[in-house]
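This is the structure I have questions about; it appears just below.
Going in written order, the chains are labelled A, B and C, and every chain counts its residues from 1.
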Amino acid sequence: MPRRRTPIVTFLTDFGTQDAYVAAMKAAVLRQTRDVHLIDITHEISAQDVLGGSIALERAVASFPPGTIHVAVVDPGVGTNRRLLAVSTNSQQVLCPDNGLITWAWRRFGGTARELTWRPDSYSRTFHGRDILAPAAGMLAAGKSLATLTRTLSGPLLLDLFMARGEEGAIIHFDRFGNATTNIPAGHVPPNASICLRKHNLGRLQRTYGEVSVGEPLALIGSSDLLEIAVRNGSARRELKLSLGDKVWVRRDKRVKTDGV
Amino acid sequence: MPRRRTPIVTFLTDFGTQDAYVAAMKAAVLRQTRDVHLIDITHEISAQDVLGGSIALERAVASFPPGTIHVAVVDPGVGTNRRLLAVSTNSQQVLCPDNGLITWAWRRFGGTARELTWRPDSYSRTFHGRDILAPAAGMLAAGKSLATLTRTLSGPLLLDLFMARGEEGAIIHFDRFGNATTNIPAGHVPPNASICLRKHNLGRLQRTYGEVSVGEPLALIGSSDLLEIAVRNGSARRELKLSLGDKVWVRRDKRVKTDGV
Amino acid sequence: MPRRRTPIVTFLTDFGTQDAYVAAMKAAVLRQTRDVHLIDITHEISAQDVLGGSIALERAVASFPPGTIHVAVVDPGVGTNRRLLAVSTNSQQVLCPDNGLITWAWRRFGGTARELTWRPDSYSRTFHGRDILAPAAGMLAAGKSLATLTRTLSGPLLLDLFMARGEEGAIIHFDRFGNATTNIPAGHVPPNASICLRKHNLGRLQRTYGEVSVGEPLALIGSSDLLEIAVRNGSARRELKLSLGDKVWVRRDKRVKTDGV
């Protein structure tokens, strides 16, 4: 019998890294199994920012191999009666509160959501990440079947993503380099369109940073299949003075179109 | 013979994460053994804040399974003749300088302290975490006996915790969410007491965040068995304008008491 | 046949820790092999600061055992035609862009540089760390030969280090504790010289912090064999009001010299 590959459990939270909270979750996994890779996605999600956590979670689910188990905890509702989820998506498992955190991964990869019903004999009311989600992740990593920990669910709670439907969208996220993600799906940006900000016309979509000069702004499709705005070797956020919610327009250039290009 | 479970070595420091210091300690463990899990507790203890490190260390010792080896380095005395410790506490090992860092774990779990006397052939005077503590942790993880690395010690140096003895205490710690820990032990807070700050009466002790409305402050007993002050889904530090050292009072409500409630 | 020791792959970037970028690189390694230790050096290199990354990388290469594979990504030129490197140095492998990032390790340890020519079937133009360097590191960790992934190269691009040649140098780096590294090699500092800043005479070189009182400044030779300036139990940067680029002088004390001391 071939030996099973060492499973992967990841952690995505808004806990920061100055306290022992993240380590406490890892300890809970290690109590279940030592044959596991423990990987941090990020713990710098803004406190209680479910949307920001959802974006980062989608990118994690896009990156990891089949079988990976993700523990995601941005959980303003802890201690209330919100449910916990076990979502199968992109051939991976996500354990998280049912508060919309799964939205972005669900939108991109679809999946099957079950309710995580397993509970330890006793657990805190304020730290389900350590007391329920992490031990459950450890049990899954140790080979326990999902069915024994969960029950069926009609569907997860999803955030309204407010995806742009027409020619106007907005900036919804910045990464650490100051690159801006918009809510405009790739499919809404024809090749001959111009991308405009209030005070900048970025011209047509570029395929890569290398297509503009150092310090120049550009628009391109990012890894989440959304329109992004960047500055080559710089920060679009700082240099274009962008803020969350800033409007972005996709202007179809009619003349070019009628020229058949 | 059953295979030994892969050991766990954790790291708690005030080194921050912008330099290669933490990695250098992990490298020192990996030179001794590769059959090990390396887990970060935190590296964001304020520089040379032995008390803050001690609180975080206690929480780590509370979370990890028996046999875990913790390397804790908040070490303003490095290069002086302060001793190094190997403390057995809560069925785990802590390797750290003898400067009070063990205080909180010792207060909660008790233990046995030995002096870590092992030294490599040569070592720096400024980085005992890398040169002594981490290799010793690696040797313990590899199965070397504690006795060969240590000698008996009368007792570790302990910080004066200034635990509140009467009805007045103070805030001694904030976590990343702005929750405040006080120096008032759970045993000093009768169920019918009111918890008061200079400008706020928080009423009685709550069991969980869910017992107050979103945005409301509350007092509860935290995981270290100390009185904590929080705001549901918010930051007590920011919203109640709290600072380290702020006074906290436990007011027994005599009338209620005489009513037999 | 003795079992091979679990390989080590490290990561050094300017990605920060608020996004999923670092995790995506680790996922790429884990797709190649699960028999690996994944270790963070730091992700807090200032954005696109190749020199700062080079200093941290040298310290990582100084710390890790033979066979370690380092993935270093500070890559302002991603998407241009800059090459990728596989450098053998200090019995370890460094995979990084050919933009000077290897300079400090190369200066200290020498080595052999090859061009990393392996490419996946498709890859992004903006994230070679995830798409090329990390998978290549995973393949090396899994035992693939370097020769199959690389070709010979005349030599790597090196930064001009502007090492001090005479008696005047400058501060080139601060660590998190406010210790300052200068560009003055140990060999330029005779034992009887005085170390001077614009407003401070630090006296002779000390061997360790313990040789001055708490709060006092001192000059000593750091782990990179360069002159460093520190304050015992304090921050030289803050307390001496130092900045990057500040001048530092090595003053030979002629009188002492003629006394034959």
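Criterion: contacts are C-beta pairs under 8 Å (C-beta built on N, C-alpha and C of every residue); 3 or more make two chains touch, one makes a residue touch a chain.
Given the structure is predicted, the values throughout are model-derived calculations rather than measurements.
S.K.: What rotation angle superposes the Cα atoms of chain B onto chain C, in degrees to the nearest 5?
M.R.: It is a rotation of 120 degrees, to the nearest 5.
S.K.: In terms of residue numbering, is the interface formed by chain A and chain B classified as same (over half shared) or different (under half shared)?
M.R.: different
S.K.: Where the centres are mean C-alpha positions, what is the separation of chain A from chain B, in Å?
M.R.: Taking the mean C-alpha position of each chain, the two centres sit 32 Å apart.
S.K.: Where in chain C do residues touch at least two different other chains?
M.R.: 17
S.K.: For the complex, give me every residue of chain B touching chain A.
M.R.: 5-6, 8, 10, 12, 17, 37, 39-45, 56, 59-60, 63-65, 68, 175-177, 207-210, 223, 233, 235
S.K.: Which residues, counting only chain C, touch chain A once they are in their complex?
M.R.: Interface residues on chain C, with respect to chain A: 15-24, 26-28, 30-31, 34-35, 38, 47-48, 76, 78-80, 124-127, 130.
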